[in-house]
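Paired with chain B in one complex and with chain C in the other, chain A is shared by the two complexes that follow.
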Partner chain A sequence: MHKFKPSNTSRFLGFVFLGIFLVYLSNTVDELRVYQGATVAMYVVAISSIILLTGYSGQVSLGHGALLAVGGYGAALLRNNFNAPIWLCFAGAVLMAAFWGALLGATAARLSGPYLAGTTLALAVGLPSIANQFKFLGGEQGLIFDIGLPPASLGETFSQYKWFFWIASLTALISMWWLQNLLRSRYGRTWRAVRTQSIAAELAGIHVARSKVLAFTISAGLAGLAGALLSMTISTVSPGAFPLSLSFALATGAVISGVTTLGGVIIGAVTLVAIPEIADSLARRIGASENATINLPGLLVSGLLIVTVLFIPNGPVEQIRQRKMK
Partner chain B sequence: MFQIFNTFLIGVTAGSIYALMAISMVLVWRSTRVVNFAQAGMALLSTYFGYEVIHQVGSYWLALPIAMISGAIVAAVIELVFMRLLLKHSSQGAIASIAPIIATLGLLGLIKSMIGYFWGNQDVSIESPLSNVGFTLGTQTLALSPMKLFILIVVSILVIALTFVFQRTNLGLALRASAYAPEISRLAGIKVDLVRTFGWAVAGAAGGAAGMLQTANGNGALSPDSLEFSLLLAFGFISAVIGGLDSLLGAVLGALLLGLVLAFVLTYIGGSLVFITAFVLLLVVLLIRPAGIISQRAGRRA
Partner chain C sequence: MIGKNRRKLIAASAVIAAGSMLLSAAPAQAADPGLTSSSIKLGITIPMTGIASPGYNKIPGAMKAYFEYVNANGGVNGRKINLVVKDDQYIPTLAVAKANELILKDKVFALIGTLGTASTKAISRSAQLSARGIPSMFVNTGFSGFADKKAYPTSFSLLPSYQMEAKVMGKYLDDNFAGKKVGLIYQDDDFGVDALNGFKQAGVNFAIKIPYASGSQAVAGVPGTWITKLQAAAPDVVILFGVSSATAAALGNAYAYKYAPKWILGSVGGDATTLAANKVPPAFLAGAKGLSFAPAPSDATDEYIKMFMDVNTTYNKGVAFDNNIVAGMTSAFLAVQAIKAAGPNLTRKSLIAAIEKGGATFANPALSPLGYSSTSHIGATGYWIGTYDATGALKPDGGKYTVYTTDSGTGPVVISNYKRPAMPAKGLPN
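Let's turn to the complex of A and B:
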């Protein structure tokens, strides 16, 4: 079997071209689409953190919403208390979430399957509500996270949403480029070995627990970054912005993308953003009742999720690859 | 002193409802090795059936058994149609470990949106059939109301009945055997698939009872996005995991422990730390005993 393997340089150029294309895109489509684009970029980062964790290191997390919250609060605190520049806020978000992830990962490495799912689920339910206990976290209203106006050098017509989109897309592109390099390195191979045959991996000299903790830490860092992006697009952080359903949505996105292929991540991200809109226009076209209109998005997402799990369990990208190989 | 006693009562009542939910998680886990996140949706759906009965006939006493029966039917149908398909299709590759979790999450969403379609997304309410005002003891008011007493009695009866079925009947033996060693049980003439469906049905009934009791115990509000039911799912699951996921006794103990700890935190420390306490408790239990309080085997791989 010989597969086409692009070199590192051409991969990098690919990301650069994608970036240029996104800049071009942001100048042609309207405001709403630009804003949705920023949300898609946020989901790309968030879903890739789940793909890294589940598809590569074989751990389950239903609590990534909580790690997003850690990132969001971290960024907002840095911004509000120290007036840190945006990039520093993002870096702080990554570090803070990664720190929590390392703590959680150290416990998670001892757990498997349903036990891990239960622990992370409890975290998703519990962590955001801590904000109500401590005053500096702002309670139910949360904190404001204002990244400021776009720099004047970009021109007067440059809108806030476009600025969000640029930041989010650049962040997503950089982290995806870094992540795909990481997954093709020694670490990526180690994780895959641990996932497929953990006992064999241990015999081959891999420190299984350490590799799992590392995967959890990096995944949490990415989730924190996504949390900072999410807080940026909605300009606030509050417990209500990170409900249990966010964690579930991320897991959904990861499955629709295909948990073992990083390349599919955009499919899941676009789906999560597009479904409400598709459902809305569909409901209007068929003239559905109020109850149907409200519940159609949920129905479509869940239906799609179930169909994916049942019929293309490894995701669309993997499915196409397998078909080609036959 | 009196406050401690009252907190204890609140904890036990809450814990007993989590216990029903935990039991249904355990039954499903034992029969199909699936953690059923749709359990909350199934409980919600059967509670809505109960609501419909109350709406039409006006009797909570009729609604409770009907909710349980409809819960059993819904669960059995889901197992027959859906889970068998799932186990056939996604049992290999990286997805295998999370496919059941994800699929039941999908099912949860599906059930919720269907409930929203048929009954609307606004709150509907179930009135508590018994008084929620506590008994008085001298000048003090106990945290034990007729409704809470009723909940404790119903849960105790159900738990005793289930334990009896599991430990003393052939059916219970078949359930335990097919969870422990499906292949050998099949050779011994047990209809493993049918037994699985039965396990799901009992779990569905327990979930239905949990939903009806929880709604009547709380403010009586019922909606597809009900927070109460998300919490019921989370706390039920946490209880089951604390108990070891494999044992009914463990589920009940775990649920009572969780209920008590949460009640004491709520009374003496503050409401906003309740949820994180559940997480910390789970973490502590799992660090000391990675497979739950009640675990037969020393350790378990994969």
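Let's turn to the complex of A and C:
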């Protein structure tokens, strides 16, 4: 049994504490780390969206990159055409991606396993290229997504990337807090019931299909939010920013995080951002050839993925929790 | 218990946070980053792996080779040039991440040769090149926007714009294929729109136009149907104004269908090395027309090509000499000229000013005039048109370069009588 069960208040305080720590961090680390921090926050949201879908509701998506694209384009269009404030762009990104997610979820509820994986994969390949078909989506070179300079009240030395980091971190904290509450609620329990034993869940009075569609919709909304954050950090949105490799990276991040627990999400997010840099310095230290240097990040990620699946299939956080419970 | 500790931690970190906010102050502005009295650091992010990498991944090696040659001969104004290379896989998100590493971690003085319109745009915006005054030399895209000094004050183009290219093709058709039926395969996005504008200005009427959807990861369209459509319209000349994968697909299918019109290949898709990587044997190209602004890589009578070949042999061992090597070395050569012109008291600002002031007269291999000025950041302003031989090498017709030059606007296309400045002794900065 758990020895300690944190109350809702202390959990909320934990998030506040984390927020204060991040503000502190943003003032101490250099600008590259701040930029990377914003990317980590984006990955946190994106990976949590996969964890919700796969770990909790038992559905597989290899095409989350496409849902990120919907969010990214949604936010940029709102900003460019209606000069919407940032929070509204993000809200719009969530709604648009959730709408797509609901449509996709309705299809997905009829599919399972490899069929669902295949469908979502096709989406990841096809959807971003749609941008090339419509002029208002800006074609291959995409659209500008400029959230503007940080407010003057923050001071002259307050950099753009720090501003991105603050926005991304706050967004990630709020959505994680909301999500962990949701997963502890009736919906979270419903999803787990469906994932573990869908027939038993149905016998217990759960509407399985509806529960799956809801999970897909919420997951898509989160993915859309991540897409808006991604577009913010690169100040543009273009089809090339949402390649198939992004969808795979997110799935990898979810596995490394531990797909059944939200708590490990930061591990996957940090891994995705840190691996290329670790590979870079590693290659430099051992004086590897250019060819080896270029292929090292992929090798490290794949290696980590295999190790995770072999030794800690439920992810590091779940592993520690299980050990504590023994 | 834990709750209490946590509260203590919150209080402690709040104090630390407040303290560090008070302490943060603006550092004094020193010399520009990436610069010492004996060295200059430049950075490039380019697809070294992934679908867009074949061919392009030879560019950084070529640049490095030329820089090493210059360094071995004393550097530029006493400074040796180092090039830091990053792989962005042609993904804008990665391009921004890598550019940030170059700027913030490796602390490069300037960027050089970033590739792809979407990536270059994202880097420029997100990394705030203009606000920070970071020069971005010779971006590797034909999107005319980067030559616009107002929008991208620190970026310089090298390639002629797609619109220029289409106008030049139009003039060439007029001069050589007047009255013939012309077909076009183009990419259905702004790359193609730029081209269509150029063709329209040149007054080209197409018997058939086939758009294909682009996508950095998708296989280009349904090439089999292109050929049947072309066969039905039966044009005498077909222009392939697309990326390498589309060009490869069109040529491959045409061969399978035994369809052989007169091909004119756009400069983006008409690179034999890249086409070979897309499984098109060089022989498929034989007889097709192509465009270039640099001298033919096979033309050892050209003083620049000869020098580049020698440099490649010494400093880039085992790498086949082709137009990607020429492209990389041309950028590196121009960068060296610009750094030289900016003088010993080099700053980012003085580098940009030097290109604006003297860029149009820098010694360089391009056969068309360069358009740099205080109002424009366009590089080469024209093309020569030649024929591919059976090895996939583009050679000028009759052994003579006829260079057409024009602008990205409504200006006419004329045959250029531009005389390229002579190469400085041994190809070193003079």
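Definition applied: the second predicted complex is superposed on the first by the 324 of 326 C-alpha atoms of A that agree within 3 Å, B and C clash if a C-alpha of one lies under 4 Å from a C-alpha of the other, contacts with A are read in each partner's own complex, and residues count from 1 in each chain.
Operating definition for what follows: a residue touches a chain if its C-beta (ideal position, glycine included) is under 8 Å from a C-beta of that chain, and two chains touch if they have at least 3 such contacts.
Values in this document were obtained by computation on a predicted structure and should not be read as measured data.
Participant: Mind checking the superposed model to see whether chain B and chain C fit together on chain A or clash?
Facilitator: By the criteria stated at the top, chain C and chain B clash after superposition.
Participant: Thinking of the overlay built on chain A, is A:Asn132 touched by chain B (first), by chain C (second), by both, or by neither?
Facilitator: both
Participant: So, does A:Phe311 touch the first partner chain B, the second partner chain C, both, or neither?
Facilitator: The answer is first: A:Phe311 touches chain B but not chain C.
Participant: Return first, second, both or neither, reflecting whether A:Asp30 touches chain B, chain C, both chains, or no partner chain.
Facilitator: second
Participant: Just chain B (first), just chain C (second), both, or neither: which does A:Ala209 touch?
Facilitator: Neither partner.
Participant: Looking at A:Ile294 after the superposition, I want to know if it touches chain B, chain C, both of them or none. Which is it: first, second, both, neither?
Facilitator: Both partners, chain B and chain C.
Participant: Where does A:Leu244 make contact in the superposed view: on chain B (first), on chain C (second), on both, or on neither?
Facilitator: both
Participant: Using the superposition on chain A described above, determine whether A:Ile320 touches chain B (first), chain C (second), both, or neither.
Facilitator: A:Ile320 sits against neither chain B nor chain C.
Participant: State whether A:Ile234 touches chain B only (first), chain C only (second), both chains, or neither.
Facilitator: After superposition on chain A, A:Ile234 lies in contact with chain C alone.
Participant: Which of 253-261, 307-315 or 325-333 in chain C clashes with chain B after superposition?
Facilitator: 253-261
Participant: Residues on chain A in contact with chain B in one complex and with chain C in the other?
Facilitator: 125-126, 129, 132-133, 244, 294-295
Participant: Would you tell me which residues of chain A are touching chain C in their complex?
Facilitator: Contacts found on chain A: 4, 6, 10, 13-14, 16-17, 20-21, 23-24, 27-28, 30-32, 35-36, 39, 125-126, 128-129, 132-133, 138-142, 144, 146, 156-157, 160, 230, 233-236, 238-241, 243-246, 276-277, 290, 294-295.
Participant: Chain B touches which residues of chain A in the complex?
Facilitator: 54-55, 58, 60, 62, 107, 110-115, 117-119, 121-123, 125-127, 129-130, 132-133, 195, 198-199, 244, 248, 251-252, 255, 259-260, 291-292, 294-296, 298-299, 301-303, 305-306, 309-311, 313-314
Participant: Enumerate the contact residues on chain B facing chain A in the complex.
Facilitator: 29, 35, 82, 85-86, 89-90, 93-95, 97-99, 101-103, 105-110, 112-114, 116-118, 120-121, 224, 230-231, 234, 237-238, 240-241, 245, 270-280, 282-283, 286-287, 290-292, 300-302
Participant: Touching residues of chain C toward chain A in the complex: what are they?
Facilitator: Residues in contact with chain A: 2-3, 6-7, 9-10, 13-14, 16-17, 20-21, 24-26, 48-49, 61, 85, 87, 89-93, 96-97, 100-101, 104-105, 116-119, 121-122, 125-126, 128, 143, 187-191, 193, 213-218.
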